[in-house]
Each structure stands twice: as C-alpha cells, then as structure tokens.
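Two complexes are shown next, each including chain A; its partner changes from chain B in the first to chain C in the second.
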Partner chain A sequence: MTERDDLKGVNERMRALLARTTHGRDDFEDLVIVPLFAVVVALICGALIMLATAVDLPTIGRSFVALAVGSVGSLSAWSETLTSAIPLVLAGLGLGLGFRAGLFNIGAEGQLLMGGLAAVMAGFALEGLPMVIHLPLTLLIGASVGAAYAAIAGILKATTGAHEVISTIMLNLISFELLNWLLRQPWVQREGRSDPISKSVPDTAALPKLLDFIDPNLRLHAGLFVMLVAVFIVWWLLFRSKLGFAFRASGENPSAANYAGMRAPLIIVLAMATAGALAGLAGANQITGVLGRASPGFSAGIGFDAIAVALLGRSHPVGILFAGILFGGLEAGGRQMQVDAGVSIDLISIIQALIIVFIAAPLLVRAIFPWGFRRPRNGKKGGAA
Partner chain B sequence: MTDVTTTPTQAEKLDSAANRKARVMGGILIALALLVLFALDVVPGQSATFRLTTARDAIQLPNLVVPGAFNMVCAAILAFLGVRQFLEGGARWTSLSLGFGLLVLVLAFLVWATAGTAFNLTSMLKAAVLASVPIALGGLAGVMSERVAVVNIAIEGMLLAGAFAGALIGSLLGGWIGLVGAILVGGCFGLLLATLVVTFRMDQIIAGVVINLFVLGVTSYVSSQVFSEYRHLNNAKVFRAWEIPILSDIPVLGPMLFNQNLFVYGAFILVGVATYYLFHTKNGLRARAVGEHPRAADTLGIDVYITRYVHVTVAGMVAGFGGAFFTLGNVGRFEENMTNGRGYIGLAAMIFGRWHPVGALSAALIFGFADSIQQKLALLNTPIPSEFLAMAPYIATIIVVAGLVGRSRPPAADGKPYVKE
Partner chain C sequence: MDVELRGITKRFGSVVANDNVNLTIRGGEVLGLLGENGAGKSTLMNMLSGLYAPDEGEILIDGKQVAFDGPSDGIEAGIGMVHQHFMLVPVFTVAENVVLGVEPTGQLGSIDMKRARRQVAEINEKYGLHVPPDALIEDLPVGIQQRVEILKVLFRSADVLILDEPTAVLTPQEVREFFGIVSMLKEAGKAIVFITHKLHEILEISDRVSVLRQGRITGEGDPKSLTEADLAEMMVGRPVSFTVDKTVADPGRPMIEMDKVTMLDETGEKVLDRVSMSVRAGEVVGVAGVQGNGQTELVEALSGIEKIASGKIIFDGEDISHATVRERHSLGMAHIPEDRHKSGMVESFTIAENMVLNNYYAPEYSKGWAIDWQKVAETAARFCIDFDVRTPSVFLPGRSLSGGNQQKMVVARELERETKLVIASQPTRGVDVGSIEYIHERLIASRDEGDGVLIVSSELDEIMGLSDRIYVMYDGRIVAEFDNTGGKADRNTIGLAMAGAHEGEGAAA
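Moving on to the complex of A and B:
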C-alpha cells in the first residue's frame, strides 16, 4: 500500500458517495462496467469450481448453454425469468431502501415469509369476496404483516439501540418456527393432509396468469405490474418525496440529519416498516401468483438473494429492477442447467455470491481488470494497480 | 461556548434513553412474572424431581425434589425486579436484573415442565455444555476480530467451512489431519475477510454476508454434487470423549466438564488463552488499541493493517475449529447448512458477553442451556409445541441484545475501515 493508492481510495470513496447522493450524475464505469465484469468473472469462477469438482469440459459447456437457453432462450424461459424476478425485485426494493437509510436489514426472508403466510390466511379466510376486493386486500394484508414484522426490529433499534442485523436474523429464525407451527394448526392446514401444508388460496385472490392464452404452462402472472408499480413508487419515494430525503439523509449522515431536525427513531421505524411492507408484498405475490398455498420453507431463500439484488442494483430502484431480472434469469437458467447437464443448482448461489463480492468491492474489479477503466482517474493520479 | 450549552441537553438525552430502556425492560420482566404466574403454575402438591447422578457414578447424590410452590416464589421475584425497574427507572442494574430474571424464568420453566415426573438434570447440563461449544468458539472468533475493529458477520460461514473441511479431510486423512484442515480452511476465510475489508475496503457487513452466502453455496454444491455419489468422502471418525481421571468422578460437574471431547476442552482453553492474550500481553494491548483508535495506534508505530490481518485470520481459525465440532466432534457427516444459524447466535453471545472472551463463553453456555432444554423437554410431555421451545433462545437473544446494547460498548472503531494517511 503506497500513499498514492490510499489517496486514490479516499477519492474513490468520495466519488462513490457523491454518485449516490447526486442522482443523475451516473458514473458509467461504476454502473455498467463493474457489474459487467462482475458477472463475467463470476461465471468464469463458476466454471473453475465445476472443473475442480470433476465435471468434464463438455458438461460445463452444456451447462452454460442450458443456463443461457433456460433464462432468455425462449418465451417460456422469459416467463420463468420474470416470474423468478418478481419477488426478488420487490424484496430487493425494500432492502435497497433500507440500505439508503443506513439500515442493514437481513430479515427480508422472515418478513417475506410472514407476508406470504398472512396472504394465504387472508386468501382462504375471506373466501367469497369478489376479486376486485379480495385480491388487493390479500396483497395489502401481506404487505402490512410484513411491515409490522419488520417494524419490530425498527422499534427495537430506535428505542434500545439493538443492532438490526442481529434482531432481524433472530426474527428470521423465529418466523421459520412460527410457520412450521401454524402449518400444523387445524385452521390453517389443508383438510385431510397430515403433512404441514396450508389450505389453497381461492381463484378470487390469485393473481391472474398473463400468458395462459398462449400456453397454460407459462407461469408469468400479474405480479409483474405490481413489481413495476413498486419500482416507480419506491423511486418517487426515495428521490422525489420529503420522507425519502429524510431516509437518505439519515443514511448518509445520521448526526447531520439529526441536527437538521429529522427524528431519527421515527425514520428508522418507518424505513424498516416500508422495507418490510415490500418484502411482505413479495411473499404475498409469490403465494397468490405462483404457489397458491404455503408449505415449510416456501420463501426458498428469496429474502437472502434479494440482499444480493439490492447490492447489485446499487440500492437504486431501476438498478434493482435489472439486477432482479438478472438473478431471476440465473435462477431460471440454473433449473434448466440442473435438468440438462446434471449440475447442482447450488452452483448458482456460488455465482451470485461472487457477483456481489465483485460489485461490493469495486477496488477488487479494478485490480483484476486495470485495462477496463480509464487510466487517469481524477486527472492527475495515474497508474492503476 | 457551544460545549457548555450542548452538554446538558446531550446528557439529558442519554439519560432519558437509559430511563426508557430501563422501563421497557421493567415491562418485560413484569410480563414474564405474569407468564410464570398464569402459564407456568404447578398444581398444588405436585413437585418436580431432578436426578443428579446415575447408578453407575462413583459418588451418589440424592435426588433434588423441588415443590411446586417454587414457581410462586419465582413469579414474585420477577414481579419485584420488574416493578423496581419500572418505577425507579434506575439503569444501574438493568442488565443484571434482566439476566437474573431470565435465569429465574428458566428455573420456573424447568420445574413446571418436570412437575409430577423425574428428570435427569446432569445429562441435560452435559448436553448444554456440548451445545454451547460452537457458539462459544463462534463468539470467541467474533471477539478476536471485533477487538481489532473488524465486524465479523462471517462467523456462520467460517463455522460451516470448518464443518465441511473437517468432514472431507477427516474422511480422507483421519481425524487429526481433518481437524488441522478445518482450522486452516477457517483461517483462509478469515484471511479472505481481512483482504476484502482491509485491503479492498469493502463494507464489512456486506463482506461477511457474502462469505456466508459463498460458503453455503460451495458446501451445498459439493455435498449434493460429490458427497451424494462418493459417500466415503463424507464419513469421518468422530473424536470420542476423553475422561479426565478423578475430576470426572465429581458429581454433576464431572460429567459436565471433565468427561467431554477435545472440542469442549479446546473451547475452555482457547477462551483462557484469548483472555490472557488480549488483556495481559503487550500484543493484546496493541490489538485493542487498533480496535479503539487506529490512528493513535498507527502514530505509535503499530501496523494497523497487519494487526487486523493477523487477528481476523486467527478468528477464522478459531471459527474453523468450532465448525469442526459439528462433524468431527458430533456426527462425523456433513449435511447442508448444518450450522443452522449458530454463528449468528455466537455473534449475539459476543455482544451479550461485552466483547470479552469469558463473557462470550458465559453467554454461549446460556444459549447452549436453552438449546438443550428444548431438546430434552421434547421427551417430557409438555403442552408447549416444540416450535415455541425452539424459538425461545432467539427471543431471548433479541431481549438480551435490546437490553444490553447500551451498557456493553463495542470497540470504538468497530466496523470502520482504516485509511492510512
């Protein structure tokens, strides 16, 4: 570490900070080149890991072909990609909003699970309502329960200072147990079943399929529009509303926000609740759009993958949208890969983890690919790596 | 002049926050008292019998018989503590009251659950010590890295990596080499964390989360891709318990502490060594200086980067050792995500234990105790669903973290990258 490199680091941090606060002055390198390199390097590392576990070269080739075909190669592939992307984007929006407010919410998984569970219950308990009321109400209940669950961690942080990382992790673990218990209760469990599985959501509370006039197997559902509306609302909330400004200000500099008269405890609770509402909505979407019922572990790690999506999207709603579609594509392609090439889908989670490493440490990408970036950063400090 | 005007308001603010927390904790304690009074009431005349020794033990102790009225006493103690907290708002004893209150709650719960039957307390305590080992080692790994101001969320991943390496290398080359391999693999992930956060200045929490995701991905991938086909790669020999002569004959304490496997002794020894190192050696003082005020440490000629690298790597090795417990010290086989959040509980134990090795060990023993209660009580016919018992340690963690954070102070520079000038 020479002094010059360190100065460069300081400048870089300053730039990163500025790029995040001043919306519109997007840094092409940070927003396009770094993610691009991250994805490429992660895929290469994935191939190396396959090599290391004695997968032969033709199979590796086949698995990458399957990954591409399964994610974007056909209409049904696109349908699968978008279907997987919807909950990732929704939960990712919430997490990104939390990051902006300086909250590291690991609890999206639990919030998503509670939201989905509430949606299932609302779905079968309110059977008989017309769809125009039933479906929005179901989604709303899912979102509110997610919000309430996240607010627990927010209130704890605001009143006692309990770190949200630990409290949300614990709330996740608690929600898993709560789900397992609820699914065995007679008023939730499906009649005539001994395994833990809930009653089904009636059609009036199910998100309509969008492409079933082409092929009934296409799973893409109206949650797509919910997702797009949520992207817009979160963008508006963050960058055009007073509350969003308070979120961002307290995330960038809590003491400055405090002196500017913003009430930090209230902002923490509100930010957590909004994030939880979005995660709960993701769960409700998954239930009403795809699964139709709740079973143990129905959240399937979406809440954790959404952390990666939010980081990859740089906590910007539009970035999260694209990151979510990328991760959705990886999920859909990964399933195809498992079928076609017999390579475990767990490989996808390795690739995803690697993507985040490279995204979250731009210095690392710059060190690996010095030629990918303009040499003379800031005019005079030359000599990358 | 500004100092004079702002100091009182600042002090008032702190004071009101402390008061509020004391009141919240008071409320919780009162709620617990009501819980004990109404939910955990024992039918009059019934009593709980705890067996302390088995017929094979050298020294026999009579059974401990606790009358049901004990729970009334517990409820009264909890109510007294709660009301005191609530009315006086004294922040001085908040954490102590809370800890004592939780202990009383656990005792009342045990008496309630065993009322009318008998129950082997010693075997439960032995299981508790065993269950606390990975948590204690995880917490110790947290202490080692947070004392040099690197937040270590990656403990979970390091434990999992240690468990995996222990099973794989242990199956191929035998237990001892497997153990060394697990320690080295844990150390590698410590080194990776240090590289990411010290050299590449990645956000420490993100780096930790990523390592967890990565380890979970790799180990699950290998176990479904390779272990499912080649079973002999995942069949390590387990370290058996070593009985320490004489000491293991002490009733209750003997089976608990002196008839356990290598990992239990290792955890206790490491905690002792870490305490001595951190608080009684020159290098330990330097490490703590790096955690509290890196710039000052740098000025005095301590290399902040090297110190952080070394300590985070050592933390990884400790966590790798703790992870090997899951496979080499317990079942001998690796299963997907077998650490199951223990690393995070270790993190909570570290906070609970105030960033002190002995504190982390004590907290881990409490968590282990809760864990073993949950497992043993599944055998007794309690009307509480097992899911709620499983939840109890997590809820306790939240209460403890909420109740203690203000009083336990992390190293001042914790979580902040250091950029040399």
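Moving on to the complex of A and C:
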C-alpha cells in the first residue's frame, strides 16, 4: 500500500501530522473566559447579597474598594495576598493531582494539619542543627507525614475499595482530635502554658521573611519559592513523567489503564501519597513561614478552600497558581474590607462559594454572558441571525 | 405521511456534515440510509427529528414546509426517533417507561396508570410487539427493550420512525423478529428510515436505499437491482473486497496454550470451565459463539486482565498463568480489546498519547523518568501513516477520530512492535467497510510474519473468512473445533455447535 507513496509524500504527511495544533477557541473559553466571568458574576452576586442584608450603597462601594486595595493596592497588600496564597496553592496542587488521577481527596485539611504538626515537632526537637539542614529537613518531614497520612486512605481504597471521600473525611476528624490531644502532651505543649499550644519553631527551621528589610511587618516568606518550585514539579510530574501519564490515564479511563497494564492499586496509593505530601508541605510552610507554632485548628480551613482552588484552576498547575493567588487576594482583601467598611468577612466565603458554583456551571455563565463566547450554531461572530 | 428534505446543508464550524442533501420518505415504505461512520447519517436524522436546525434547505411534511424548534416539535409533527442507545428507566415497568413525559392524567392530575396500560396494550396488539406491559425494563433482554423504544415512539403517534442502527445490539435471532416488526409497521402505513452500515440488512428489508458519503448523497436506488458490492462502492468511493486474500497457513510451534483453565466470576460461578486450546505460530484461530458464552472471559484470561482459578497458560514455552498484563505485553502479546471506548483508548488523550498507552515506559520513549514526547509524536505520526489513521494531527484528542479510525489507531498501537501473539477481540465492531477490509489485511499480515492470531468475533462471517481453525464456545466451554483450511468448515455445523448441539463431543478437527 505504501509503495506508491514516494518518500517525499510520506515526509510531507509526517510534517503535517506533527504540526502543533493551536489551542482551539473552545479551550480558551473553557480555561480563561469561564473562570473570569465566574469571578465577575460572583462579585456582583456578593454586592446583591449585601444589598439584601440592608447594607447601603456607599458602604458596598467602600467594601469593594477595600477589597481591591487590601489585595493588590500596596506592597503590604501583595505581601498578604501571596502569603495567604502559598498554602492554598500547595494544597491545591495536591488536590488537582488527585482529581487528575480520579481521586476526590477531601482530606487535604487533615493532611495539612498532620504535616504542620510534624514540622513543628521536627522544628523544636531537632533544635541545634544548622539552618541549611534544619529547614529543608523540617519541610521534608512535614511533607512525608502528610504523604503517609493520605496514603492510609489510598491503601484503604486500593485494598478494600473504601471510597476516598468517606475515608478522608474520617481521617480529617481523627487529625483534629489527634492534634488537640498532642498539644496537651508535655513534650509538645509550651512550658508554662495551660492552653493547648505547642513549643515554637526555632529560627533555624523558620522560612526566612523576604521583605523584612523594607518593613518588619511584611509577612511574605521564602515559602513563595517552595510554591513556585512545586508548581513546576507538579506540572512536570503530570505532563512529562511516566508516573503522571499513568495517573492521568487512570483518572480518565480506569478500564483502559488496566488494559494497558497500569496497576490501579499502586497508582491510587502513589497519587494519594503525592497529594498528601503537597498538603503536608502546605501545613509545614504555614507553620515554619507564618505561625511558628501549632494551635488547635491552625489549618483554618485552608485544606477545604484548596478544593475550590483546584477546581477553579481546572486541576492544572498553572491554573491552580492563579486560582490560589486570587483566593489569597480575596482573603487579604476581605480582612481589609472588614476593617474599612465593617462588612463581615463571611461575605468573602460566600463570594468564594459562588465562584465555584459558576465554575461548575459553565453553561450558566455562557447564558449570562452570551457575547463573551462564540455563537454555537455556525461559528460566525457578531452579526444578527 | 410523506416527508421531503430539500437541499439540506449543515455545518459545524468548518466541517460540512451535510451538503445539499435531498431525501424523500414515504408512508408504507422502508428507506434504507447507508453510510460509513461520520458520513452524516445521524446529523441528517437529528435535523429531521428537530434536534438540530439546518443551516440551509427546507423540510416539507406532506408538501408543507415546517420549521422545528427542538425535538418536541418533531414529535408533534409525527416524527419519532429510536436511538441506538436506549433511553429507558431500568427500574420502571414497560408501561411506565412508555408514558413517561406524556402520562395520561386523571382527576387532580394523578397519573391514570390503568388507562396508560390499556393504551400500551392496544399498540402492542396492533403491531404484534409482544411486550409484557408490567415487566421491569431491567429484567428484559435487549431485543425486547428495543421494542419498548419503538412502543414509546408509536405511543406518541409517530408516523415516521427513524431507527438508528437498530440491529447493532441484536442477536441474529432477534434481528429476524425485528424485521418482522418493521414489516408490520410498514403495512400499517408508517414511513420508516432504517439506518445501518450493514449491507445485507439494507438489501433484505428496505424498499429504497440512499447512500451518504462525506455528507453528500452518493447513490440511490432499488435494492432489488443492487448488490452488496455496489452499495459498498457507493459508501466508500472505491471498490471494496469482501473476501480476505490469504494463502494456506503454515503453522509452526504453539504460541499460546491453555490447559484446563477455569475462571470464576464474583459470585463463584464458572465462566470458563476447563478450557484447553492453542494457537500456533502462523495461523489464525477464530473463536465463535453466541455472545456471553465465555469468549470475553477467555480473552481476559489470556491477556491477564482477570485472574484464573486453576489451569495453566503457556506463552511460547513460558508459564504465564499468573503474569501481569504488562509482563505478558512485554513478552510479545498484543491485545485489541473488544470495546475500544471502554478499554482500548482514553478519549480525551491525544492520538500520540493513545499510541503509547501501554508502551509509554519503553526505553525508546524515555528520558529518565520523563517521557520523550517528541519521539512519541514522531512514532505516532508514522503509525498513523502506516495504518491509514485519518487525522489532521497527532495532537488532536482520540475522540475526534471516527470509529473506524479509532480502531485503526488501537490496531496500530498493538501491531506496530515485535509481537508473537495477536489477540483481536471484535476487531471490526462498529467499524466502516473500508476500515474492516484494512484491519483484516493487517491481521493476516501478522499471521504471515509468523505470529499466532486469535480472533474473537460475534460476526460469524468474519470468523469464517479469516480463520484457519475455529473453536466454538458454549456455556464457558470449548465444545467444538473445526479445520477451516480453504474455508472448508461448514457454516451450519458451526451454527449448531454455537447453539449447544455439540455438547460434550469434539467435532472433526
């Protein structure tokens, strides 16, 4: 059959087949326009909710100004936004990776707590080590403990089929109580305190502040680089490595992955562990970069917000980075809003939730903003039918 | 009721799905609509049923122009479509499914099930459908479920019935009965559009035939004056060969041997019962049988997808009874799975990714722990050329390919490497005529290079045409073996064995 194709023809066909397809407009709409509009609609809905709760118009105006100023309006705003974004992005990367592998891990909160707790212990227990060893080791221990904790859910699923949503929720509850108990143990609890609070992490295990030469109040820390490196590593893992290929295949079509010789139990455990490592790293970052010690509920719901971040970022590392910064900004701006306009910070949670609702319903967003999208019928833009 | 489509054109983006199509459908007549996958049959019928609006052209019902705005308008106008994939609620009864959405209501808006059952029974009687109105859908065989779909359409007083690939899911026996129903409907004056890519069915049942290729009508005529070869040429655009050219096999050493292999399902029932069989190098062995008699499990046991309970599997002298899928694969076993969508490919992955789905870890595609995607893409492009997979680029998702091209992609992945044994399960299911011919050629080529080839197919014609030797499976056992050198096996004897007539005795080998 191929004899009559001369070599030139074959080369030409090869070139055509290998030409990179540009990303279609559909991808662009799906990845950029829908999230963008979702955020806009959520903010508008937030304003309507304020109206409905009898907040007057000038106050609403003031709160949105405060939201903008508090998130991106100054160096200190940026510092706060990024500081809040770091753990969200790290945990979000883990969750996104899990989603890609077909695992709906709800347990980032617990994994983050365990990772943070391990980091605190490694911090004060290994006091005396030089920083170049102590800090990386502390982060590594945090990540490892997060990985091990998530692997429990992975092993349960791989061996018994226990659904990860249920088991990770249960593991979250266990981690909360474990934390409370440990914080009252004499070898963890700070000397001279009766409330549950841990000893402090020494400076050799603390992530250095990046901007304290400008103003000692700027909290941004070197976890920023940990986050950026993690974004790259997760991208590489998912889209370049052999393991990531198996993760994605198992997530998209478990049966085909099985037929292709990939081993589902192994992949489930590895994907859960990787996700847990990232969540644990998020906890360790928060401890060594911001908090310096552990207290009950120090995770502050980051592990749950990270689910939203992973969804908004479409489980893509770069998308998660931007989504995490957006959510960090909402949080930082929300605090400012509370101070300046006296609007409850709960409104920020509502806006975050609305963003997710609109992301999950792209058709709704398309219906609200028809001009942002290509006409589905015949591809002609503009012009009346 | 007569329906006329005039100059219908439909575009999706830059793709022209239908190009100036003219079609007439008359009451009391079966119109066969023939075409390869992706030729535009479904698009055309979706416009007729109101799901899509045409970009150009008009639809006339009894001479009057109509414009549908959604499928409910189509139903209103008396046009009903029976889809290939059933849309039934499994835990509802037949009557409940039929009236769903158009329930006859009594006082206070309660559903008048008594009336519903009576109406269903009337239609049942009138067209000889023989569907028990109170049976649960999940308890009914596929053939009867299909009749429930027809009942649904008739209940909504359709005069034009569009049947989309209705025979794809039916056994030969069910196809007979189905044709009987189609004749009844025809006599009752209904207009029927019968969509298929099976040529002999068109010749058997339709009064007129229209052939679509690449969105255009490429042939029309009276089936009585047409042959399968004529139809195939209209469909593909070139003459198609139905017989597979092959020389007499020259079998060598045994490539795979199964020795008294037993396999159990989750409930502990035997799905394979002491099966012993072999495939030698350089021969094609076919496994015939009515679906559900252990063929799927045989393939799962051979390829390592499922564990066997007892017995032995020897692959080219090596015991692989408990080897993993990947170990068997690296020893040179190729496996074309029976359901490409479910197990053969990942639809959202690019063609390049799909081409290495089970081989991505091989050293030639590796850069350390990473995959060398440039290398993969080049290899995939070469595979696409070698196996005539038609796509503009290897970076498009697998789902963008037509069924035939998807199958060629899977076949390319499995055959484009050093193999010793090729297991092809339903290698041409849902594949167009042109691709079938091509896939058959490649399988025979594998045989001629000295591979053992095992073919499992529900199409007896395919088994008869390709195999040098044929096993028949019945109830989890191999009940007969036939020598098919030069096509000498007897079709009727095989058919009897498939029905279980040869229980316990091996036929002449």
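Operating definition for what follows: the second predicted complex is superposed on the first by the 349 of 385 C-alpha atoms of A that agree within 3 Å, B and C clash if a C-alpha of one lies under 4 Å from a C-alpha of the other, contacts with A are read in each partner's own complex, and residues count from 1 in each chain.
Note that in this section contacts are C-beta pairs under 8 Å (C-beta built on N, C-alpha and C of every residue); 3 or more make two chains touch, one makes a residue touch a chain.
Everything quoted here is computed from the prediction, not taken from an experiment.
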*Quick one: classify A:Y259 as touching chain B (first), chain C (second), both or neither.*
second
_Touching partner for A:V72 - first (chain B), second (chain C), both, neither_ = neither
*A:V357 contacts which: chain B (first), chain C (second), both, neither?*
first
*asked:* Going by the contact rule stated at the top, is it chain B or chain C that touches a larger number of residues on chain A?
replied: B
_I'd like to know which partner A:I106 touches here: chain B for first, chain C for second, both or neither._
first
*asked:* Looking at A:L173, would you say it contacts chain B, chain C, both, or neither? Reply first, second, both or neither.
replied: first
*Give one of first, second, both or neither to describe whether A:F245 is in contact with chain B, with chain C, with both, or with none.*
second
*Identify the partner contact of A:A300: answer first if only chain B is touched, second if only chain C is, both if each is, neither if none is.*
neither
*Kindly classify A:W236 by the partners it touches after superposition: chain B alone (first), chain C alone (second), both, or neither?*
second
*Which positions of chain A sit in both the chain B and the chain C interface?*
1, 10, 13
*Any idea which chain B residues touch chain A in the complex?*
17, 20-21, 24, 153, 196, 199-203, 205-207, 209-210, 213-214, 216-218, 220-222, 224-226, 305, 341, 344, 347-348, 351, 385, 387-388, 390-391, 394-395, 397-398, 401-403, 405-406, 419-421
*Within the complex, which stretch of chain A touches chain B?*
1, 3, 6, 9-10, 13, 49, 53-55, 104, 106, 156, 159-163, 165-167, 169-171, 173-174, 177-178, 180-181, 184, 304, 307-308, 311, 343-344, 346-350, 352-354, 356-357, 360-361, 363-364, 367
*asked:* Applying the document's contact rule, which stretches of chain A touch chain C when the two form their complex?
replied: 1-2, 5, 10, 13-14, 16-21, 236, 240-243, 245-246, 248-249, 252-253, 255-263, 377-379
*For the complex, which residues does chain C have touching chain A?*
11, 13-14, 53, 55, 303, 305, 324-326, 329, 335, 337, 342-349, 353, 357-358, 360-361, 366, 369-371, 373, 377-378, 380-382, 384-386, 388, 391-396
